[in-house]
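Okay, so subunit A shows up in both of these, paired with subunit B first and subunit C after.
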Partner chain A sequence: MAAMMTGSTGLKRWVERYPFLPALLILIVLLALNGFYQPRSVSMAGITGLTKTYLALMLLAVAQTYVVYAGDIDLSAGAILSLVNVVIVVLMQHWGGGALSVFGAIGVGLLVGLACGLINGVVVAALRLQAIVATFATSIFFTGLALYVLPVAGTPAPAAFWRTYGGRFLDIPFVFYAVVVLALLLRLLVRMRLSLQLLAVGDDAQRAFQSGLAVTAIRMKGYALCGLFAALAAFCVTGDTASGDPLVGGKMTLFSVAAVVLGGSALAGGYGTVVGSVFGALIIGLINSLVYFVGTPSEWQNLLQGLAILVALMAGVIVGRRARA
Partner chain B sequence: MSKLKLGGVSKAYGATMALRRGDLEVEAGEVHVLIGSNGSGKSTLCKIAAGSVRPDAGEVSIDGQPVRISGPQAARSLGIGIFYQELSLAAHRTVAENIFLPDLPVTAGLFVDRAALSGRAARYTALFDGVAGDGLSTDAVVENLRADQRQLVEIMKALATEAPILIFDEPTSALDRAQVDRFFDILRDLKGQGRAMIFISHRMDEIFAIGDRVTVMRDGETVATARIADTDQAEVVRHMVGEAGQGAQAAAPAPVAEGETVLAVRGISGVGYSGVSFEVRKGEILGFGGLHGQGQSRVLRAIFGAHPVASGEILLHGTRLAARGPREAIRSGLAYVSGDRGRDGVIHGRPILENVIPIHALRQRLHLANPAALRQKAQAAVEALRTKFAGFSHPINSLSGGNQQKIVIARWLIDRPDVLLLDDPTKGIDLSAKADLFALIRRLAAEGLGIVLYSSEDAELLANADRILVFNGGRVTRELTGEARTRFNLTQAAYEAA
Partner chain C sequence: MNAILDLVKRPLLVALLLIVGLLLLGEWLSPGFASGQQILRLLIVAALLGIVAAGQNLVILGGREGIDLSVGGVVSLSAIIAGNLMNGADAGIPLAILACVAAGALFGLLNGLGVTLLRIPPLVMTLGMLGVLQGLLVVIRQGIPSGRAAPGLSQFVSQPFLLGLPGIIWLWIAVGVAMALLLNRTIFGQRVYAIGSNEHAAWMAGVPVRLVRIGIFMLSGVFAAIAGICLLGYSGSSFANVGEQYMLPSIIAVVFGGTSLAGGKGGYTGTMAGAFMLVILQSILTTVNIDESGRQMVFGATLLVLMLFYGRGKAMRA
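Showing the complex of A and B:
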C-alpha cells in the first residue's frame, strides 16, 4: 500500500477515488487569497456570511449533480427554486407567518419541488425529449407559474423565517447547523443505491439497460431528487433575501452547472461527486468575493469573475489530468 | 423437454432483416454452441432471449412454458443471464459494482451494502485467480483494466446472475489461452450443475473443446443442429458457408523477392513494450504473433503515433519518422487498421460514404467536399473489397461487422499508403469476410506495400505472413521464417517464459 501512495500512481488513485481533490485545492488557494486581501473575510463573521449567501448555490449544485450523474442536465433548476421561493413566501403570508405556517409552507415547498422534478423526468426520460431543450422549456413554464403566484418581487418573508436562518443557536450560526445536516444527508445519499444506478446510466445508458436497470425510472428519480434539492435551495434563498422574487433563481441555473463541472464531475455523466459540486459552488462564491476584495471597479467585476471562473476551470482540468496521467 | 426453446423468431431493423427465422433448443446440462458468419443473426437471437431486443415474431418457451420476455429485467427473473459481446460494463465503476449492478445488495432497501458487495464479488473474481493478471481486484475501476480483464469481468457479471440459462456471446475473443482454459473449467462445472448454456465463438478449436451440440446459422436462419461428437470442422464450415466449401483457407504465401526496406524500427521502447526492432521490405507481410496482449498492438500503435515512444527510432524509407500523432503518420504514408473497429475505426451513425473518405480528405487536405467525385473514388476502393451494402448514404451501423471492417479498410485505399499496419484486423469477423480481407492484403503486398499483420489467430498468421515475430512480455522473443513457420513453433515460442 505504501508503495502505491508514492509517485504519480498514488496521486492517480487518490484523484480517482476522490474526483473533487482538484476542486478542494483550488478552494484552499482561493480562501488564502481572500484572507490575504481581506483578513476579515476568513473570520467567523466572514465565513458565516459566505455560507449564508452561497448555501443556496451549494444545494442547487447538489441538485444539478444528480441529473448530471445520469448524463442529463436540468436548465430549470433555478426556475424551480424561484417557484418554490414565491410559493412559500405567499403561503406563509397567507397563513399568518407563525411557526406552524412556516413548517406548512416548507412541506408544500418540498412537494412543489418534487412535482417540478417529476415533470422534468417525464418530459426528458419518459417522453425522451432532449434534456437541454426540454428543461429550458419547462424553466419558462415554471417561471410563468412563479409570476402567476407572485407577479412582482418584494413580498416579505415572515420574520420567524429569516431570523431563524440568519440567527444563532447556542452561539453557533444556524447556517452551520444546516451545513452539518447537509453533510450528513449527502453522506447518506452517497451510499444510496440510486446514486450508483444514476452513475451507471450516465456511463452508458444502453449498457445499463442491458444490465437490467430500469433506465427510465432511474433518470426520473434523478430529476425528482434534483427538484427536492432545488426546493431546499429555495428555502435558503428565502432565508437569505427575506422576500419572494419570481425571478430570483434564473441566474443561478448555469452557476449550478458550472459548480458541478468545477467540482470535477463529467457533464457527459457517469463520473463525479456531490461533495465536489459543493466545493464548486464555494469556489464561485469565493471568486465573487475575491473580485470585490481586490478592489475591482464595479464595471469590471463581471469580466473579472468570468475570467476567474475560466482560470479555475482550467486549473481543475490541468490538476486532474496531471494526476491521472 | 428443452430448458430454453426459441421457435421461428425474427427481427428486422428497417429494411435489414437481422434475423429471418431463428430456431434454437437448449437442454439443461449442455453447452450449446451457436456458430455462423457475422451478420448471420447469432447475436440478435441471443439478445432476444436476453430481452434486450424485442422480436417481431416467433415464440420463446422455458421448460415447455411459453413466455414473453419484455426486457432484460424480465429475462433475469425468468432465469436467463447473458454475456454481451460488446460488454455491458460501466467504465467508471468498480469491478464489484459492475458485477452486481443489476442486483445490488442493499440495506434498508435504499443503501448499497458495501461489505456484502465486495464480499460477494470476491467469490467471482476468485474464479480467475492466477490467470486474470495484475490489477483485477474487486475495487479496481473497469476503465483501468485491460481488454481481456474487462471481458473476464463481463463473464463474472454473467456468472453472478446464477441463472439456470446462461448465454455467452463471444466471451473468449480477447482472452489468452490460460484464461480460456479456466473459463472452460468453469463451464464444465456449471454443466455438472445442470445449467443450460449457449456459447458463441469464432474459434473452431474452442467450439470442439467445450461444445456438446452445435447449431449453425447462415443469413439470419438456423440451418443445422448436430451433436459435436457426430460432426467435424469441415462439416460445420460447409453449413456455415452454404454451397459446398468455398475456400476460406488461404494458400501458403509466395516467397518474396528481395525488395527495398520501407519501414525500419530500431530498438523502440515505451509503456508495454521494449527494445523492439525489425524491418519490413516492400511487398512483405511481416506477422506479429504470440499470446494476446504481449505488446503487439502497442508497438503498432506506437509506430502510428497513437501510443507514446520513449526511446528508439522509426525510419520510413530511410528517413526518421517523427510522427507526433496519427495525423502526421497518415500524411507520411502509414495506414493503421484496428480490430477494435467500434472504438478506432467506425464513425458511428454516419453514412458509409463519410466512413470511406476521411483519410483521403486528410491526405489531400480537402476542405470542401464534392460528393459526386468522392463517391466515384470511394466506389473504386470499396469494390476492391467486395463489400456488400445497399448504398453510400446508408448509415455504417446498418452493415454487419465484417462489412464495416471492409469499409474501414477501404478508406486507406483511395490514396495508397506505403506501410499498412494491421492490428488484429479480423477480430469478430466471419470467415468469408476474412477470406476477402486476406486476399486483398496479399494483393496489396504484391503491389509493393509493406505490411505488418498482428493476428490473435495462429492460423491466419501461418497462412499469410512471410515472417513471424513472436512477442512475449513486450519483447520480440523469436523470429520464425520459412520452414520454421509451424503451429508447433509458434505455440512453443508464445508460451516460452519471457
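Showing the complex of A and C:
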C-alpha cells in the first residue's frame, strides 16, 4: 500500500484531507473477505450482529479519540464503561425495570460518565499529572467504585432495555437507528469549535496557549466528552450482554486505543478523525470474525488476531505519516 | 554532574521517606507488619516488579515517548516456557534460562525494529506486540501442560541463600548495581541519556541512535524474561497471564522513582525504591480489613496523591 501512496500524489492529497481513507479501504477489503469466506456474514442479519457487538467499541473508540486529539490518553475509558454499566443495571433493578426507570438510569449513567471524565480532566489537565499514569490510577479508583456498586457480575438488565437494543422498529433493527444518531452526533461535534480547539492543543499546546486558547479548560472538556461517550458505550454493552459486570470494560481500553490508531489518528495529537476511529473499531471486529470464518483452529485464533491487528496498526501509522509528510 | 545528581537524589529521598512512612503506617495498623521477616517477604515481591521495571526504566529513559506495554506478555511467556523446560527438575534450569532470555531478547528486538526502522510509536508497537504475545500464550497453553518450577528455583526465590537473604534479593541487588554501572559508567548508558534528552542532537554527534534504541528494547525484553522465571519460582507453577499485573505498575514504579516519562532524566536507584513503595502500599491495603472495592478505591486515590510529589508538567506560560 505504501508504494501505491508514493506513486500518486492525488491519492496522497485525498488521504491528507480524509485521514480515515486507508482505514476505510482496509474495512472494505475485510468486509469482502468476510463475505467470501462466510456469505451469511454480509447479510442483513450478519451486519446487524456485528453492529450490535461492536457498537460499544465504536463509541469507546470515539471517546478515546477526543482525548487523543489533544495529545492525551485515557486508560480509564474501559473502567468508566464498567462503572456506568453496573450503575444503570443496579438502578434499573431498584426502580422496577419500567420505561421510566430506563430513562432515569440512562440520565444518571450519562452524569456518572461525565463526572468520571471531569475527574480525569482535573488530574491530567489542571493538576498536570502525566496522562498515562494518572488515568491508570483513576481506572483503579473507578473499578473500585464499580465493585462497590456491584461486587459480582450477574445482575440482569430489565427486559425492556435489552429487548429494545436487540429489537426492531418498523422492521429495521434498533442498532441502525443508533448508528444514524451517532453519525448525526459526530457530524454536529465535528462542526463544533471544541473539536478544532482540541486538535490545536494536540498540535502544539504552547502555540495554542499563546494564541489565546484556554488549554487547560479545552483538555478538560476533551476528557468530559470522553466520559460521556464511554457512558454511551456502556449503554450498548448493557444492551448487548443484558447484565451488569464490574469488570466488563477493562479489556476494552487498549482496544479503543488500537482503534484510534487504526483509524489514522496520531497518538501524539493534533491529527485525526472520529470517523476513522469508528472504522478502526469495525476493523478489529471484522479481523476477529474473519479469523473465525477462515476456519482457524480455536487455539490459533487469538495469535492470528493479534498478528493481524499488529500489521494493521503498523500499516496505519506508516500510511498516515506518508500522507502528512 | 552535580546537577544530575541533585535531580536523581531528590525523588529518591522522597521515595525513601515514603517507604519509611508506609512501613510505620503498616506497623501501626497491624503490629508485626514491619518485622524483619515481613519486610523480607515484601522485598521478594518488590524484586519481581523491580526487575521488570529495570527494562521499563531503560525504555522510558531512551525518550521518544518510550514505553513498553509488552513486558507483561513477555513475563507470562517466560514463566510458561521456563515451567515447561524445567518441569520440576533442577537439570532443566540452565536451558530454561537460556530459552527465556532468548525469547525476551527476540520480542525486544522485534519491538526495537518496529520502533526504529518503521518508526512506529513505542506505545502502538508494544501494544500490538502485547496482543501477539497474548495470542501466543493461548497457543502454547493449549499444546502443552503449564509445567512446574524446579525445586532449586523455588528455593532461590524464597529460601535464605547468603547472609540470610534469598537469592532473588541478591539478584535484584545485582540488577541494581549492573544498571548503575550501565547507565553511569558505559558508553551505552551515556548514549541512552543522550538520545532520551535530544535524539537529533545525539544523532548529529554520531550516536548510532537506532542501534541504541534496539538495544534498549532488547534489554527490556530480557529483564521481563528474567522476572518471568523468578515469578515461576515464586508461585510454583505458571497460570494464565500471570505477567499482566506488571504492565502498568512497572511504569508507575519508574515514575515514583523520579524518572521523567519525557526521557533523558532519572535512574534506576529511584525505580527500586518506587517498586518497593508500590508493593508496601498494596500489602498495607491487603492487611487492613476492607473489601476489594474499598481497597481499589484507596489504592487508586493514593497513587494519584503520591503522583503529586513527582514530575508534574509545567504550567503554560505565554
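Please note the rule applied: the second predicted complex is superposed on the first by the 308 of 325 C-alpha atoms of A that agree within 3 Å, B and C clash if a C-alpha of one lies under 4 Å from a C-alpha of the other, contacts with A are read in each partner's own complex, and residues count from 1 in each chain.
We take it that a contact is a pair of C-beta atoms (placed from the backbone, for glycine too) under 8 Å apart; a residue touches a chain by one contact, two chains touch by 3 or more.
It should be emphasised that the depicted structure is a prediction, and the values quoted were computed from it without experimental measurement.
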Under the stated touch criterion, which partner chain does A:200 make contact with: subunit B (first), subunit C (second), both, or neither? first
With the two structures laid over each other on chain A, which partner does A:268 touch: subunit B (first), subunit C (second), both, or neither? second
Check the contacts made with subunit A and report whether subunit B or subunit C touches more of its residues. C
According to the stated criteria, A:209 is in contact with first (subunit B), second (subunit C), both, or neither; which is it? both
Please work out whether A:170 is in contact with subunit B alone, subunit C alone, both, or neither, and reply first, second, both or neither. neither
First (subunit B), second (subunit C), both or neither touched by A:152: neither
Taking the superposition on A as described, I'd like to know which of subunit B and subunit C A:192 touches: first, second, both or neither. first
Doubly contacted residues of subunit A, that is, touched by subunit B and again by subunit C: 209-210
Under the touch definition given earlier, write down the residues of subunit C that touch subunit A in their complex. 65, 67, 69, 114, 118-121, 123-125, 127-136, 138-139, 141-143, 248, 251-252, 255, 261, 291-301, 303-304, 307-308, 311-318
Touching subunit C in the complex, subunit A uses residues 75, 123, 127-130, 132-134, 136-148, 151, 205-206, 209-210, 215-216, 254, 257-258, 261, 267-268, 298-307, 309-310, 313-314, 317-318, 321
Touching subunit B in the complex, subunit A uses residues 16, 188, 191-194, 196-197, 199-200, 203-204, 207-214, 270-271
Seen from subunit B, its contact residues with subunit A in the complex are 50, 52, 71-73, 75-76, 82, 84, 87-93, 97, 101-104, 106, 110-112, 114, 141, 144, 157
